[in-house]
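Some structures to go through are shown next.
Two complexes come next, and they have one chain in common, chain A, joined by chain B in the first and chain C in the second.
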Partner chain A sequence: MAENKLTGSAINMLSLIIIRSLKVRFQQVLVVFAALMVGAAIITAMAGVYFDINTKMSQELRTFGANFYIGPGQGTSLSNQTYDNIVSKIPDSTLVATSPYLYGVARTELQKVILLGVDFSHLNKLVPYWQVKGKWINVGFDERHAMIGATLASQLELKVGDTITLTNNAVKHKLIIRGIVESGEAIDNYLIVNISLAQSWLKKPNEVNYALFSLENNDEQVSHLAQSLYRQYPKLEVRPIRKVSASEGKVLEKIKGLMGLVTVVILILSTLCVNTTLTAMIAERRREFALQKALGASHRDITLQIILETTIICTVAIFFGLILGYVLAQILGHAVFDTAIDLRIQVLPITIILSLVAAFIAAIVPTRRAIHIEPAKVLKGE
Partner chain B sequence: MSTTVIETKGLFKRFDQVTALNNINLKIKKGEFVAIMGASGSGKTTLLNILTCLDTSTEGSVLLNGVDTAELDEEGRRVFRANQIGLVFQQFHLIPFLSALENIMLAQHYHSITDRNSALKVLEQVGLGHRVDHLPNQLSGGEQQRVCIARALVNECPLIFADEPTGNLDEENEQIVLALLQELHAQGRTIVMVTHNPELGRYTDRIIRLQHGKYIGEETHNEADI
Partner chain C sequence: MLWLIIRQSWKQNKRQKLLAVTTVFLAAGLISALLTISIGIGDKMSREMKTYGANIVIQPAGQIVLPEMLSGKIPIDEQDFIDEKELPKIKDIFWRNNIIGFAPFIRGNIQVQSQSIPFVGTFFNKQIPVPDESDYRTGNKYISSFWKVTGKWPNDEKKQVLIGQRLASKKDWKIGQKITLEGKSRKQTVLITGILTDGSNDDNAIIAPLAITQLLLNMEGKVQSIKVSALTVPENALSKKAGEDLASLDSSEYDRWFCTAYVSSISHQLENAFSNATVKPIWQVAASEGLVIEKIQSLLFVVTFAALIAAAMGIASLMTNTIIERSKEIGLMKSLGAHNWQIYLLFYAESTISGLVGGALGCVAGWLLAKVMGYVLFGSALNFAWIVIPCVLFISIEIALIGTWFPAHRIARLYPIEVLYGRK
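Now for the complex of A and B:
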């Protein structure tokens, strides 16, 4: 050794032994570090996604369309006022999009068509899966433009930018085709116009056939809203669209379960890797421990030494694991949900505790071997 | 009359069917330099391991400075060893990543507290004041053994046990180490040395001979048939 680093008559021999021991076995320490860091990173990434997945999944599943339906019940109708009242009761944080729907037959210069009145301002959020050639209409009060189903457009040989004219005897209303909709549903046969235009043209000024809602469901809002509306509007038909809202829950559970499983498997592998490497390190250090025991080291001294070494490696591994885990979570978030993952504060203690537990479990067997070394045999070379 | 500091009574050590030590009764006085000699398999290392509290007897008592170590549990033997016994090994057994001085301070650490000055003092005593910061692999075999002796001395333990202390040394270093042990003896230390080398017996006060685990006699330095 070129330079002795002792600075006083009293030194902390334990820290000296630990630091030198870690330095001299750098490659093995690196293996333990890597195994623990990967474990910590996976825990961080999985826990990060786990706690953020409800929000992200809910957002993702919004792309499947509306998840809540309100329609007239037996002997009742749904009015504009009722619809507006219901909308006003839904918190902004829950309501993603909504639109009333009104159908009717209208005459055009070309042929009779089915007219569908909607709220254009929410439509692209309510039915994001529609394939639109041209543009969406984003303004709720736009009565100059219309969208048209692809099948109807084909029948009428209309394309984006063309004009279609509604006629009612002498009254005419020109509409410019802004977008052609391909949904794979009956919508493809309809002429889609602003709800107020549809109501006036069809002479149903205060009438709505039904309304669809896209609601956040990361905290079971759909069920809660359904229960609340059942009580307030017992004559209306109020029902969650289970196909979407229920599948959210199932998909979430499955994804969370899968993430938990992956985390457990990675933790086990990480623990086994650390255990194997620590066992090899302890085997290599048998004489070192035997000598220390011969000089008077207690089981506690030996245990403390190994635990502190493991803790130091684990602490550094956790630090880098958290950084790597954050990056992994972002990659996962962008790949699966096309959005960033917000790491919640809970992730920190979970990563620290699970990593330390894995490291200490891995250290149990090597530590027991170290403290049961018989100095007399080992120092004699047996 | 000198005090007896090491005494064994009816000492047996059995490994399954093999009796490694068979009714050993010894007395070693304070300040004596004693060699335990015998051929390989005679039980001398087994006896030394029991005397140094690294192993336990199957039967009999071992009185070290008046304490029956056979009655002590593992923790009691550890504490006794740290406080009362200085060990010198044939293969030196220095921690490879600690310097000569730090290896000596390691013994202080497990005894009480580290004291750099007293560690330096013993290192100088064995003639290695200029090798303080050297790692074991930067020292010759003789120097490593002198560090090992310094480590045995640093806690001022009353009993020093050496297991074949010159077994791995050349003749020149053997003489240096023996001279060192004699010097310690002259200072009044009690030294028990295990060896199978008859030449080393000349340097001791007394030779205790073992054969097949049995005590077969003892001779003083002048009478020893070496």
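Now for the complex of A and C:
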């Protein structure tokens, strides 16, 4: 009983010391708290961005356009149905954009042109690099508007808003030019219309020449899909467009390496910064510890007190740091990628462990010094 | 007097000052490394982005390009060509050092075992004398790094070819095998040195050195198109304006546009160098690489900014601690007749010294760190921009001063009696 009482009062005493120590030096505690919190926030934000960078950058790399090709093999053709079938087999999360392509020669009132039929509804995501004067056509059923390649437009002296008329003996079809496309590729020479119009005008109903796909490729989806489609459609020509898909991997790897390295450097340095701050805080209290020792405090008491204080400040700081870090990551995501950053679960242990480790390493040296203080010397002011 | 106080304070309180300098040093090192990387990354990444291949194409003026799907199926009445002799002019423009490489192309069909097969002529790794550099080498080895070649690259001077991977499996041709190509008027036996996978229609073609192709297709001295890979800076408002209408630029804008490595200004200079050709950016590569590099750059700048805030917090909190610790000393100074401004001066002078020393050391550390990171990531050092040094010094002194401001004001307001008596 008596022993219990004694420990009880010791605990009371300890909690009193700690509460008083936090209260009296509130301003200093607040400063250390702020430093720890910002440190934890930075760690959270950086780790969060690092784990999400792969997804985010692979979305950014979709600006290079299609990375997957499907066309008819030797002696076969690709039909609308097969195309629709293939599209339905690609998971939504992987498919960024797709369009069938159909080429043919058509007569206009001015001269013969090469007609290209595409699916306009996805086009600006499939070929975001096209330099378009005027506007994109954003719907998949518009048969009254067309886009035209820059070279062809200058040959025919057409401007945005002009009309071009397709003729087939008596049948005429008027198209209003919505946008002029410059890509630096063969596309610059074509008249681009809706696929359904191209199919009916060229009398190739249900046929497409080939189809291009833009797929997320942060986890080798392209090569996996190529293998599975190759098995299901052995007669079709299925291939990743290496120029885009292979380069993507290389560039992603570089970016990941870069972010990883930067993150590690920031982690180490902000941990060290927190460390020096804490060291300073504990070291400046020599006099206090000397007094405690003079009054009979044991080494264990002093160590316990420092550890408890550090833990309390750290826990609260980490909690707020996590919240602040989440906000920071979102700001960063919106500033750079215009979307939110998904914070992975791994971020939590990383932040907590790193912050605690930093705090306790910071506590070791000054604690040892505090223990080995000679009260008389310190209190006398030597 | 001030000097004496400062010297004494640094001597007496070595540990404390060391901590302050260390913190500033760490922060400055971090910031200078990040700044160096942010500035240098554009260059490095644009080199990495060259894996996407050429970003400029040179074609004969007035040429109609058929889709790969239809080529060969619709006859073209008259073909225009570029003279092969004009190739070295690519390395003779203002931006010649930004040209990483180029490769000419001819496409046609060739008979093998009386079957028609697509036939492509180009440079693999060809030595071509250009002004200033007599041993300049260029070709697809430099500009098409996405080509996957199993086996060996052919020698441009020998009768060696690559075959596309689909063609190889269809015909069951192997590396090391010899095949006979039958042109319109000549025959040539060539050795297959490698199999090419590139995911385009060239997977079905025979790819041969330019000279052999010209000979077999009766097109000596001619090329159909040239792909050029150039280091460029991302497009901006000025280059867009130039792209829409060159005449709309005034003379200073024109100079600025001409002297910046925009893909459009390099194309413009190439077009002027060739006698009868149109030069166009391949926007798939040119526009996209700019966007991606900009993303990476802005990511790094935001990260640097975040690191700056963290560093500032760390330093500020350290300063607060060290200053509040000295309240007794300040109380004594005040009771001996020191003015508030003298106390401020003391603190600001001290933190300036910490900032300067820590910042200078940090610059050195940051420089080393950036070098190491450059080697790890890109295999070559990042160029150190000298602008980083004044920036970092300024920032670290500034942070130290701001960190001092709050506690200095608080402590200067104290009544000496309270401090010395120990009540506060």
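Just a few scattered comments:
By definition in this document, the second predicted complex is superposed on the first by the 273 of 382 C-alpha atoms of A that agree within 3 Å, B and C clash if a C-alpha of one lies under 4 Å from a C-alpha of the other, contacts with A are read in each partner's own complex, and residues count from 1 in each chain.
What we mean here is this: a residue touches a chain if its C-beta (ideal position, glycine included) is under 8 Å from a C-beta of that chain, and two chains touch if they have at least 3 such contacts.
All figures in this text were calculated on a predicted structure; none of them were measured in a lab.
In the superposition on chain A, A:A362 makes contact with neither chain B nor chain C. Shared-chain residue A:K380: touches chain B; no touch with chain C.
Put simply, more of the residues of chain A are touched by C, taking chain B and chain C as the two choices. By the touch criterion stated above, A:E182 is placed in contact with chain C alone, chain B being left untouched. By the document's definition of touching, of the two partners only chain C reaches A:G39; chain B does not. By the document's definition of touching, of the two partners only chain C reaches A:G65; chain B does not. Of the two partner chains placed around the shared chain by superposition, neither chain B nor chain C is touched by A:L95. Of the two partner chains, chain B is the only one touched by A:R20; chain C is not. Residue contacts after overlaying the shared chain place A:K293 against chain B, while chain C stays out of touching range. Remark: chain A residues 27-28, 31-32, 34-35, 38-39, 41-42, 45-46, 49, 57, 60-61, 63-65, 69, 101, 103, 105, 114, 116, 127-131, 133, 182-186, 188-190, 209-210, 237, 239-247, 250-251, 254-255, 257-259, 261-262, 265-266, 269-270, 272-274, 276-277, 279-281, 283-284, 328, 332, 335-337 touch chain C in the complex.
On the side of chain C, the complex with chain A involves touching residues 15-16, 19, 22-23, 26-27, 29-30, 33-34, 37, 41, 45, 48-49, 51-53, 56-57, 64-70, 74, 144-148, 166, 197-200, 203, 243-244, 280-288, 291-292, 295-296, 298-300, 302-303, 306-307, 309-311, 313-318, 320-322, 324-325, 369, 373, 376-378.
Chain B meets chain A in the complex at residues 45, 49, 52, 54-55, 75, 78-79, 81-83, 87, 89, 91, 93-99, 101-102, 105-111, 113-117, 132-135, 138, 151, 163. By the touch criterion given at the top, residues 1-4, 6, 8-11, 13-14, 16-17, 20-21, 23-24, 287-288, 290-298, 301, 374-376, 379-381 of chain A touch chain B in their complex.
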